[in-house]
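Just dropping this structure here.
Letters A, B and C mark the chains as written, and numbering starts fresh at 1 in each.
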């Protein structure tokens, strides 16, 4: 991932971090760095949750509280050793995050952050009311961390513990993002249910990242308890939750290292303001709020991606994904023999209220065929398409795939059967590389989980997924763009990228939704040539299209819809001369 | 349960519920028209209450200075935005709206503050000071982000909240303030004593609800706001400016906030940070109303007030926990009923 | 007054990095109907949106002899009005409110005057004044969209696919209404899939393909041009 221009500055920072406590630095700065480290942990969780996954949470401070109180109670009242409570603190964080996540991640957009705001406040008040947690006074006398006889009492000793955890967590987060699970989490930003269609379990990915953010916050809480050795509810309040979000936003919500940068910036600024402002204004109070508030507004107005990308601009890097030649091949589906019926639509019907959008439409796609479903705007093509892909449910009739009914199956399940699709309005992740976008299509062909990804135990499988993605890119002719952000591609290339992603599913049949819409003449010809090539390789394709000229020389069979009803079907040339079809397209005398 | 206590608690709940209803309605109004989840609504309440109590003690309200500051900021931003086409009408409008208006209000406050005018003059002055803040806040923080997502706007709201709360601290200090009631005295309804102030609260809440209803149903501007909420693109196509509806919604919200502050100032001590928590209770109601329904929000707000009043009697330590946990079953309900496809 | 109500020169529109209009030019006389036809994805809707100011574009748009005003509101005030493909009605508001809002930029007296006129033209809507717009049938919705547009007292109506999703009988009704509107002095830029019907009522026609004007000329000539057939049904393979 990193090239030498980033490697050297990173090394310098690392060495500096390592020697800093040995230099004659005032202890005050060490304390500040410790606080930055702890805040960074929470912010890294938020980067995963908010920046990458698109789920905003104001409640992360409460999770710190769970981590801190778990170890505080267990070490002071039950005599546990601090290291023993580490897994327990993390587990409590996860256990609380799980039900909260189950409730909250299903909520659409803005209800999620409001939900976190509400339970963030409720939990803070709760900490202050429970006798076991020492109510508002909290818990004192928490033992320090120790190894053998060495006790991490001083700020400069626990400093190493904290920053080791920070760096390990950042690396873990980075590893995770660069894996199959990570790609699924990154796909959440693509929005809506689209990732389901290429096999990502959206609800599960959201829950995963929510729990992970809870666990990193709990880790921060655990460290905090053993650094301070006394805790009370204040650091776990909603205003701290807001401050953590501020760090993530300022740093750059999509960047793991940006979290540390954001935490440093906020805490250093806070320190400076608390020192300088009273001299300027003459009173002592936490006026830094005003500055932070204004900063948040200004950053979102002028640098919505935060400041870390600005820093990175000084250290340009060219990342390139190496494809391992020895990567094992992924399992492949057996291809159906040409001519066997794959998709059978039997009297499919869809009504919206009183309106009949699809009126008893029947047709068939056989293996090795390209079938075109065409018709003027509003003819019911897209609705029919949605019925096949499971985005919409049938009101009547049935749809069979390889003889089995698809009725009631989810888009993800239909994708798993071997029905891959593209979108009329492409659903790509513009910031992700072309190669990774394609690899998302192969999501269901891998099994690597969160822990394996963090520990890099799934590298063989990952190499296989990447090699597969590369194969599909070569197949469609986009190999040269593999490391470019997908957002750099022209529309025609994006549509082909979507086809490559669909191919990465190892599908039996490809469903293309208006693949030629908006393409220029040359692009259309390239697309047609690609589809012909795929058919030659045995692929079966159903395409919904408006553009007659595009389908004419391409498809084996045409089905024409108008007002939800099939008005013609047959060979392209026959259909083209059918007066009903001409009337439907040109209007006038029917 | 003792019936007298219950009646007393219900009355108490109705009083705070009415305030939460006003806040909830303002939040729904702002959200439906501008997609801004307006966290700082509570700050308007605190500003209103503190302005009134400063006027009560014959002091000059610092909020008038703040208004001037906001105005100058808005003036500079407008100047910068229009730097390419700086002509007399544009400049005149800018000066009038952003400098003259707050200047006049500032002078008015200077003159009226030491005069110890009657409670209604003071209340009116408070509204006049706070209401234009809605305009400037919109201009400074939100107008440049008209195309941003709800989430970005929400985080901006948190920023505005922090800044406004901090400014409240600068201008009012950390001490709590309490205003004098609009009219003193009380009378009893059977065994239940009712203070004049709570009558003011009920009356004003009903009047505002009726007023908002008439505004939305009977005036063209009100309809334009509704139209914007229903269909943003459609509204632009008939010539309704996004900025016009945005400003209107924010000024209305600030006005409602100032009135809430005037109503609540005499019954609780208000600190610079009280607004946030009060505002969030309005949010609980607004969320129950799905950030869309005015009637459900109003009813939910009354419910929040009553739940709060009963818990503060029976389990006072757990008051806030219970009130904010009310949202959890609502969220569960929403997460079950809201279709998964609904994503924006 | 200029002899050209609208003159579009070399209009380019891009979405991100993809250019979808590659320099379209078009001109229309006051009081005329100009039909813009072409297959899906040709860029017709994009062109209307650019003329209305909904999306940024490069090139020049002159309206009534001067550069078109900057903001959408100023364009509406100057007499430009778009009826979009999806109608964009205020579905949870009454028919009456929808119509009234159409005249948002007009004075109350003007509004009352045009309103009476509009109800006369669309008696169906007068009957359904109190009904919510969302409960109307497809044809009625299109009428309401037209009625709302007329309330702004337009000089140039931009109609995007007025026949979309309507039954053939209603398509004829709607296009007849459009043809009548011209007689009241309103000019109309009509984007239509239903090419034959559109060219029948239009004075001039433009065939747009892939973001460029492929052919233009008097509507009657364009209607029998073989390029039209190709544009819709494809070249002979």
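The rule is short, and it goes like this: a residue touches a chain if its C-beta (ideal position, glycine included) is under 8 Å from a C-beta of that chain, and two chains touch if they have at least 3 such contacts.
Remember, it's a predicted structure, so these values are computed and weren't measured experimentally.
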Computing the C-alpha centre of each chain, which chain sits at the greatest distance from chain B? C
By Cα-centroid distance to the whole-protein Cα centroid, the innermost chain is A
Distance from the CA centroid of chain A to that of chain C, rounded to the nearest Å? 41
On a C-alpha centroid basis, what's the spacing between chain A and chain B, in Å? 36
Where chain C touches two or more other chains at once, the residues are none
Residues touching two or more other chains, restricted to chain B: which are they? none
Hey, which residues of chain A end up touching chain B in the complex? 54, 56, 58, 103-104, 106-111, 113-115, 117-119, 121-122, 125-126, 129, 191-193, 203, 242, 245-246, 249, 281, 283, 285-297, 300-301, 304
As the complex stands, chain C meets chain B at residues 52, 54, 71-73, 76-77, 81-82, 84, 88-93, 97, 100-105, 148, 151-152
Chain C partner, complex, touching residues on chain A are 376-378, 487-491, 514, 516-521, 546-553, 563, 572-573, 576, 582, 585-590
Residues of chain B defined as touching chain C within the complex: 220, 223-224, 226-227, 230-231, 233-241
Quick one: which bits of chain B touch chain A in the complex? Just the residue numbers, please. 37, 140-141, 144-145, 148-152, 154-156, 158-167, 169-170, 173-174, 277, 280, 283-284, 287, 291, 317-318, 320-321, 324-325, 327-328, 331-332, 334-335, 338, 340-344
